[in-house]
Amino acid sequence: MRQLSFMEATLEALSEEMARDATIFVLGEGIGQRGGNFRTTVGLYDKYGPERLRDTPICERGFVGLACGAAMTGTRPVVDFMFLDFVLDALGEMINQIAKMQYMSSGRLKMPLLLRGCGGVGHAAATHHSTAGYPLFMHFPGFRVVVPSSPADAKGLLKTALRCDDPVLFLEHKSLLSLKGPVPDGEHLVPFGQARVVREGSSVTVVAVGIMVPRTLKAMESLAADGISVELIDPRTLAPLDIDTILASVRKTGRLLIADETFAPCGVGAEIAAQVMEGGFDDLDAPIRRLHGLHAPTPYSPPLEKAVVPDADAVARAIRDLHAE
Amino acid sequence: MRQLSFMEATLEALSEEMARDATIFVLGEGIGQRGGNFRTTVGLYDKYGPERLRDTPICERGFVGLACGAAMTGTRPVVDFMFLDFVLDALGEMINQIAKMQYMSSGRLKMPLLLRGCGGVGHAAATHHSTAGYPLFMHFPGFRVVVPSSPADAKGLLKTALRCDDPVLFLEHKSLLSLKGPVPDGEHLVPFGQARVVREGSSVTVVAVGIMVPRTLKAMESLAADGISVELIDPRTLAPLDIDTILASVRKTGRLLIADETFAPCGVGAEIAAQVMEGGFDDLDAPIRRLHGLHAPTPYSPPLEKAVVPDADAVARAIRDLHAE
Amino acid sequence: MTPATPPPLTLYRQMLRIRRCEEALVKAHGRGLIHGACHTYVGQEAVAVGVCAWLRRDDVVFSTHRGHGHALAKGVSCRELVAELFGRATGCSRGRGGSMHLFAPEVGLMGTSGIVGPCVLQAAGAGYSFKLLKSDRVGVAFFGDGAVNNGAFHEGLNMASIWKLPSLFVCENNQYATEVPFRYAAGNPSVASRGAAYAMPGIAVDGNDVFAVGEAAREATRRARSGEGPTLIECQTYRTRPHAEGMGDFTYRTREEVEEWKTRDPIRRWRERLVAEGTAQEAELTRVDAEVQDEVDDAVRFAEASAWPDPATACDHVYSV
Amino acid sequence: MTPATPPPLTLYRQMLRIRRCEEALVKAHGRGLIHGACHTYVGQEAVAVGVCAWLRRDDVVFSTHRGHGHALAKGVSCRELVAELFGRATGCSRGRGGSMHLFAPEVGLMGTSGIVGPCVLQAAGAGYSFKLLKSDRVGVAFFGDGAVNNGAFHEGLNMASIWKLPSLFVCENNQYATEVPFRYAAGNPSVASRGAAYAMPGIAVDGNDVFAVGEAAREATRRARSGEGPTLIECQTYRTRPHAEGMGDFTYRTREEVEEWKTRDPIRRWRERLVAEGTAQEAELTRVDAEVQDEVDDAVRFAEASAWPDPATACDHVYSV
């Protein structure tokens, strides 16, 4: 199959859906003629013009709130926010308005709104260009949360997001953008709420989020030698979360590690651990372990930045420790 | 000891600290002459004047950001935001700025800033006057999170907050405000990071957050009869979290229920469950259970509102079920 | 297509319907039938009615915590409004919203809100949709003077201006935000003059004169429908009841000020004008008074007799599927 | 107490220090010594220097992603700046911040920022502190034209105005936000005129004329220190390098436009004026040129020789204790 990068895969998905659905338009800084800071809209301006590829002033709250009103009145806005950090100024609109409109209108309004951009640590981008923050979108009711780890999933999930009537947060890790992988062309849709078993294994289950999937694959190279057979699961969407696939795996392995780059407290690891404990307590042969980034704002200097992020070695260590428990 | 309501207790704490520290000033809507929507500043305007009790325009992001700059330059702002819902428009300032200034300045700046107001469901206040949201302040590094359940703790914790150099979120449940209880006068300080064992017990540990403490006490009345001995723990501060007291209790009871009114996903229950699993796995005789509000925006109509909140009966049921496991 | 000029008597009926409805809600609040907050629109009726007179059913309105008047003027029935405040399944929001969360998208009421500010952005968003869809519909935001100092006003008006969106920004300057005077909260006491910061026409009108408000709305909707862009309208008005039912008054404003404004009652003024100009006969008006009172009484009976929502539905519609 | 009128030669030295420092950073960026983004201040030097000339060490500055010039003008050494961008423990932020997070509170640099907007609010907050503490210090925000359309500008200026805070709001209107022209992004092309929306003096100056900027800052700081309130200053200027190092140019603006602005180089203009007016001799100026170059070369050597931060400290100072 042809190899595409994350960027190429999501651009293809957006381009195909914009051709299919004339109500889709994109809002963001530099997503017009410029084609997006992360090349998310390259070539689309010439095809679809300024109204559907709308460069915005620097008013994140404003254009997110505008997108809310647009989604309520017959169009499908895509907010291309670059880095999640920037759009934190719009959390009020997201939590109070966007996430609640369907409920408060008893389903008479829909909220077909996509929030997409980058999150995650890397490239010495420092503390205002590194936030992931998806746990808070899992906490508040109303959002769909998508964190892809492969170009194929990125395309298939973005297309699903662009046909979904709920607000979707689609978050890509900046270090994955140029990663290449096989991507089916045309009508390739990945449904929400279905985890992907990346590797089957028998001794330890690892649930890895986003960039932690390739890092775990790397870690696994060194583990096979020691006969540690890892079952790697990529939830792909965190809301809805496919807990059944995780529970089934834990039933088999009895051991679970959740690997997530962002913060631990009230994070993805905590939620998955709590659900597995509730649904699979008797299957557990060892405590569920969490591997997260350190609980500090992201520093700039490479040695500091490296220290706050769990890399492949950290994953390998965590798996070994868990396997030994 | 004299009995004070929550409101009287926190007003006393604020009044005492403002007398002690001339750099404290309060920002909010109606906190001047009016004395605050929840009577949080009654009488203080006449004592301290408009500069220290500053009525603001309706610009939550603005005055939270202003408070950030003030805290960096020698004063101690108190943001009295009424309902947490209102101040969600300021999350960008809180997460990107307030929580990070000490870290980014390598400790050369302090952030003595108190964010205080109401959260929680009740009185048919509906979806824009019911948000608690503290899990997100636990998730991001840099905040102290205080959720008192008694007037005495409210006073002691608020005084500690007003002497703390970190940003503090102090969240009161509106249904607790008029609750009365014994309150020591004068210099009564409750340190952060020390849970309170409200009742000792032997068969089930319940960690209850804020308003769930009185609800659990009510539930316990019906349980004693059935010989279910509950150890009730109020963490009082969620960041820092006194996990040791919780672990010690679980070591004794082998059973843990976390009762929290707000949402479950990536919430307080998940975090405590994950930590207890990590630190006390072998002490557990049954899966840790979580009791939270339903995962929906808060509806207005009393029968609907009642349905989304865990009341004393729900707590009693949850304890019985866990005890039977 | 622009709506026909609204019959003067219809404007009278609509304003009166709002007034009588609010009076009924005040009584009901006293009887404990209303559960949450209740912000009445008494004194400001000319704004909602004057603006909505120039809106079509398919135009959309985004409103505030003080939105009963906007809901009624846009076409929500008294029954649906009162039932909503009573928390019944027959309410316009099925009992989920109450006073501050009135939803009736089928008549273009896209929601009132418990948060000050967002309606401005959402009305710009509706304008964006209508422009993209090549329709001549308009998006309208009603908001108070308190919202003018909020960033949403700044960001929303700027975007609407640079993109020439078919949106109306109607500020109801009743001079107070809860108990804080606008003259204290805003560096510049004129709302209309702020249009200049966004190169948007900003006009000030007597918000207690339904005709004056209507003329401003007529021109603003014409501009919007014909692609000339948004308009900011400052309606200078006053709420003659406390900020919310159950709250005090006269600590932050004087009885005299309130009484003085009562003499400018928009409904009485319009009634007198209709009679003076011979547009309507006393008899007709008296008949309308009676009909409106019946309508409101019926709405209260209907609401009280209505069923409560089923608790089992508490989690419905969080997601579309 | 107002600082003494800055010696013309000092202004020259400071502007040149910024320019040479940026040039060194550009080279270093090419050599891969700078890890994150690097937004240079080339072309805008007169703004930081002209404003900071009227600030005392204990006045405070809140800046943006393009803050190297503000840091140097406020008193951060070239060594500390370059070392920070190199990510070394000797940097002004101990290597934690990089180009967009420069902190040196000891000289009143309260932080540059990767987020557009907050500096406006924080400068108002500093003004609030100083007013409450009865000090005559001032809080200054430097921000770009891009921030003008952000709600923080609206909310911050309004609060500063109604509370008469000793704050300066210095907008560096370099006409583009990344690649988006201000004339596209803002309904009203004048920043200074927006002062009117907040009843705040708003003045526009030639941002490439260090004397003109200084005169505006002199009056604004005088107003602030004497309790007369805040001032909005629009400095019309231009960045003659791409938005950030490594980024392209000329897709959104023409070579001609850039070349035209280079002829208004604030440093050359000031140098020529000093010579023309006989304020400085060619020889002195040449000596300054050499001294500044040495200072910058030394800073680069210092930075390269500096140690990396210890990974074990990565979680220090998240909390005060």
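A, B, C and D label the chains in the order they appear, each numbered from 1.
Everything below uses one rule, namely that contacts are C-beta pairs under 8 Å (C-beta built on N, C-alpha and C of every residue); 3 or more make two chains touch, one makes a residue touch a chain.
Keep in mind that this is a model prediction, so the values were computed, not measured.
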For chain B and chain D, chains touching each: A, C
Centroid comparison with chain A (C-alpha atoms), farthest chain: C
Chain centre separation in whole Å, for chain D relative to chain C (CA means): 46
Whole-Å gap between the CA centroids of chain A and chain D: 36
Chain A-chain B separation of Cα centroids, rounded to whole Å: 30
Residues of chain B engaged with two or more neighbouring chains: 56-57, 59, 61-62, 85, 89, 92, 96, 103-104, 127-128, 141-142, 295-297
Residues of chain C whose C-beta touches two or more other chains: 93, 96-97, 101, 113, 115, 149-152, 154-155, 158, 162, 184-186, 318
Touch-based graph of the chains, sorted into line, ring, star, complete or other: complete
Touching residues (chain side chain B, partner chain C) in the complex: 29-30, 33-34, 55-59, 61-62, 85-86, 89, 123-129, 294-297, 299-304, 306-308
Interfacial residue positions of chain D with respect to chain A in the complex: 35-37, 87-88, 93, 95-98, 100-101, 113-117, 146-147, 149-151, 177-180, 184-186, 251-252, 308-315, 318
Chain B contact footprint on chain A (complex, rising order): 60-61, 85, 88-92, 95-96, 99-100, 103-104, 127-128, 131, 133, 135-136, 138-142, 239, 263-271, 273-274, 277-278, 281, 284, 286-290, 295-297
Residues of chain B touching chain D in the complex: 23, 25, 51-52, 54, 56-57, 59, 61-75, 77, 92-93, 96-97, 101-111, 141-142, 144, 164-166
Chain D residues touching chain C - in the complex, by the definition given at the top: 149-155, 157-158, 161-162, 184-188, 193-194, 196-200
